[in-house]
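Look for chain A in each of the two complexes below; its partner is chain B in the first and chain C in the second.
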Partner chain A sequence: MTFLLECKKAKRIGFYPALIGSSILAAAIPILNIIIRGEIDVTASKSPLQGLLGANWQLMTMLNILFIAASASLLYHTEYADNAMQKLYTLPIHEGSVFYGKTLFISVMSLLTLTVEFSALAFCSYYWYTPENSFILELCQNFGYSLLLLLPCVVLALLISEFCQSMWMSLGICVVCVFIATMLPTDQFLLSLFPFALPFQMLDTAQTVPYLCAACTELLILIVTEKIAVKIRRSIS
Partner chain B sequence: MNFLSLVSIEFKKIRRSKILLIFFVSSVILWLPSVLNAHLNFEMQAEGISPEHNFMIQGFMGMAWFMFPASMVVGTVLLSQTEITNRGIQKMLTLPISTAKLCMAKFVVLTTLAAVQILIMTGMYYISAAICQRMLDYPFLLSPLFIAKEIGMLFLSSIPMLAVFWMLSALIQTPIFSVGIGLASIVPSVFINNTKLWYCYPISYPFFVITSEYGKLAEHIDTAQVSLFPWIPVALFLTVAAVGISCRYFGHAERK
Partner chain C sequence: MNIIETQNLSKSYAEFHAVSGISLHIPKGSVYGFLGPNGAGKSTTMKLFLGLTQPTGGTFTVDGMQYPENRIPILKQIGSFIESPAFYGNLSGEENLDIIRKLLGLPKSAAAEALELVGLTSVRKRLAKKYSLGMKQRLGLAEALIGKPPILILDEPTNGLDPVGIHEIRELIRSLPQKWGCTVFVSSHLLTEIERMADIVGILNHGHLLFEGTLEQLKSTAIKKGYPTDNLEDTFLALVDADNRQSERGCMQ
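Coming up: the complex of A and B.
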């Protein structure tokens, strides 16, 4: 139920046009990149898709996590701005369900964004290169991997927004987190486990399984942290 | 009410916003890796840049690329949202003050926030350079005059960018668009700096200026240099236009 409510709330803050805009912008990156630079040389990488991801994924991810950060702080801002949160607390629903509703909502929205982006990558692969037969499978694997690595970032952004009532604080902290993520080296395993840095990873590394496990563990840890933090906040206030 | 007292009122409004904390944390995060990797600065001598200049310029580039514009977007959110929540802006608009003046006062606060962030970053630079000097026994500290010139240029080149961000937040009522467009506009600035028409894109100015300084300091690295024409006329025009538009439309939605 909260998921449907979130959809309605998001509609009123103009979320969907912004989502479409950011998806199209991110999807335009690989296409524009090829048009401006001429064809990208993908002979060095395993497949056209890997070559395209290598050339564009940094910028696309940057847009994705910035969008997640902005939308997470806005979704909570709408609740805090006119004290809607206090009214929500009086309803016969679990306090955490607002958080889960929002998490599910942004995750589904990220899925849509990634779908648009990977369609653009597929378009580039078919239009400018000749992909192999296993291309669809490879595309799906990359898609699932990117989606899973994006989820810890979604949960952390929402967690920050839940505990900062003013929008500039939550947005500011998220922006600082994005900044940290851009500073961290992507080739060092432990440092790249920072939730905002995880989405920058691509499937072509040999460390797929460790990253997947790490993403799942982070999700669990973040959700447990949220539960504990909500309990502490309730006992203090 | 004169303009100065308006500006001081605007400062009072953001007094408890804790925005300086975000500036401070971002500066610490900016310089921490530079201090940890200070020895790498010596390897850049092959490019014809001295270690102390390399230390300084790499940090400044790191900030001018993303953190500085992004925290200015956060600053516009701060300035607009403190009043939109609890309808403070409607009360301000009922006062006998011209809205253009009110808008300009807020813009002055925004530029001051930019200056404060640059100063905090410079302070952190001196602290981290002093630490490196101790650690590696090499003079990392640069003359204050040189640093003052660099940060002065950074600040001046950021004013058009601030005007554009401020225009976005005054024009667009839905915060997700003003914030989203602001943040998204930072991402392509690296691309745009490599084109000939970089001067049409105010958001990339600070990064362009710092990158061109890098090219000046490093003998073997060629970066695009600042050419004052047509940059200055275009930048002036864009700034005046952006500030004019934001003054014209400030509080437009509330007055309807």
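Coming up: the complex of A and C.
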């Protein structure tokens, strides 16, 4: 039910047009890239999908995390703008439920975005290349991996937005985080664990397990941070 | 029987004492008027009951339940309106109430009933951000009234309403104990409003409870102390003035 309430709250704030716009834009990147540059050379890659991801994933991820940052700021802005958050705190609900509801909501929306993007990648693979029989499995594995690596970024963006009552402050901090993430070298394991840098990683058999473990650990740490933040906020209010 | 009781309830911010050891007794089924000048601690006291701010001393019980152990069961008993109306500006009045209705697990009809009570049915589809100040105030009241809670905590509920609106809301508040058997804890700086609404009054100044009792008891206390009793305003001003002078003397000593 919390998820449905979040869907309702996101009406008329520009969230849904932003979702559709960013999904279409990100999905258009591999298609436009091939049309403009001619066919991408995938002979060096293991598969057409890996070649396409290598050529486009950085830009697509950049759009994804910018969408997450803007969404998190916008969703909390609607809570703070007309004092709705205070009303929620006077209702018999768990104080963290607003946060978890929003986490679920943005995660599901990110899943939709990734679905559109991976559909575009599948289209490019079938239209311009000849994928192997295991293509669908490979596509699903990459999809799941990308989604999981996106989740710590979702939770951190929401934590930042929850702490900042001004939308401009949370959006500013998130955008700075996005730019820091783009400047970090992706081949440095420790640096690439920054939650906003993690989604830039692509499925790579050598590093898959460490990155999956890192994403799960980050999720756990961020959720515990939220629990502590609720207690601190209550005690200092 | 008292539905809300406080024992030496206090709230301090560093050196500032917003509420200083007050002991309130709010009888079940009454309209309790909470009076005090700006900054007396009325809103802080109400926020303490709702868990929006934490007490630095003392305790309170709501319907026999101790805070903070029973925060959720206590909040289930209370409908509230604190300081200013709270809403989602991007949603209509009806959608705003629907969100609260769903969170409280109430039937669909509850939102329509609350809108009807505050006279917003005709504008229920309009976006809340496009409401006038009075309509926003009514929406805030509807959010407090939804589900007919046994306790209502209303902080300055008639702010921003025109005289007709003030009269309507006053009559509504006055009628609630008989209609639903609910208890209303209402604050206002409009003394005439409280005089017309409340069965019992509590007067707060600088966080101290100066008086608690019926209006008749207030009158007899004022006569004993030599304060004017022509109307509530004169009595209130005399009480507050005496307390202010006493505080100043205390500070000088």
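Keep in mind that, in the parts below, the second predicted complex is superposed on the first by the 236 of 237 C-alpha atoms of A that agree within 3 Å, B and C clash if a C-alpha of one lies under 4 Å from a C-alpha of the other, contacts with A are read in each partner's own complex, and residues count from 1 in each chain.
The rule is short, and it goes like this: a residue touches a chain if its C-beta (ideal position, glycine included) is under 8 Å from a C-beta of that chain, and two chains touch if they have at least 3 such contacts.
This structure is a prediction, so every number in the text was calculated from the model and none was measured.
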Inset, instruction - Once the structures are superposed on A, label A:His77 by its partner contacts, choosing first (chain B), second (chain C), both or neither. - result: first
Inset, instruction - Please work out whether A:Tyr129 is in contact with chain B alone, chain C alone, both, or neither, and reply first, second, both or neither. - result: neither
Inset, instruction - Classify the contacts of A:Ile13 with the two partner chains as first (chain B alone), second (chain C alone), both, or neither. - result: both
Inset, instruction - With the two complexes superposed on chain A, say which partner A:Pro92 touches: chain B (first), chain C (second), both, or neither. - result: second
Inset, instruction - Applying the touch criterion given at the start, work out whether A:Met62 contacts chain B, chain C, both or neither, answering first, second, both or neither. - result: first
Inset, instruction - Quick one: classify A:Phe200 as touching chain B (first), chain C (second), both or neither. - result: neither
Inset, instruction - In the overlay, answer first, second, both or neither for which of chain B and chain C A:Leu25 touches. - result: first
Inset, instruction - Classify the contacts of A:Val175 with the two partner chains as first (chain B alone), second (chain C alone), both, or neither. - result: first
Inset, instruction - Applying the touch criterion given at the start, work out whether A:Ser166 contacts chain B, chain C, both or neither, answering first, second, both or neither. - result: first
Inset, instruction - Would you tell me the residues on chain A in contact with chain B in one complex that are also in contact with chain C in the other? - result: 13, 81-82
Inset, instruction - Using the touch rule from the top, collect the residues of chain C that touch chain A in their complex. - result: 50-54, 72-73, 75-76, 78, 80, 82-91, 95, 98-100, 102-104, 127-129, 143
Inset, instruction - Over in the complex, which chain A residues touch chain B? Could you list them? - result: 13-15, 17-18, 21-22, 25, 59, 62-63, 66-67, 69-71, 74, 77, 81-82, 166-169, 171-173, 175-176, 178-180, 182-183
Legend entry - chain B - residues contacting chain A, complex: 17-19, 22, 25-26, 29-30, 33, 62, 66-67, 70-71, 73-75, 77-78, 81, 84-85, 174-177, 179-180, 183-184, 187-188
Inset, instruction - Can you check the complex and tell me which residues of chain A touch chain C? - result: 1, 4-5, 8-9, 11-13, 78, 81-94, 234-237
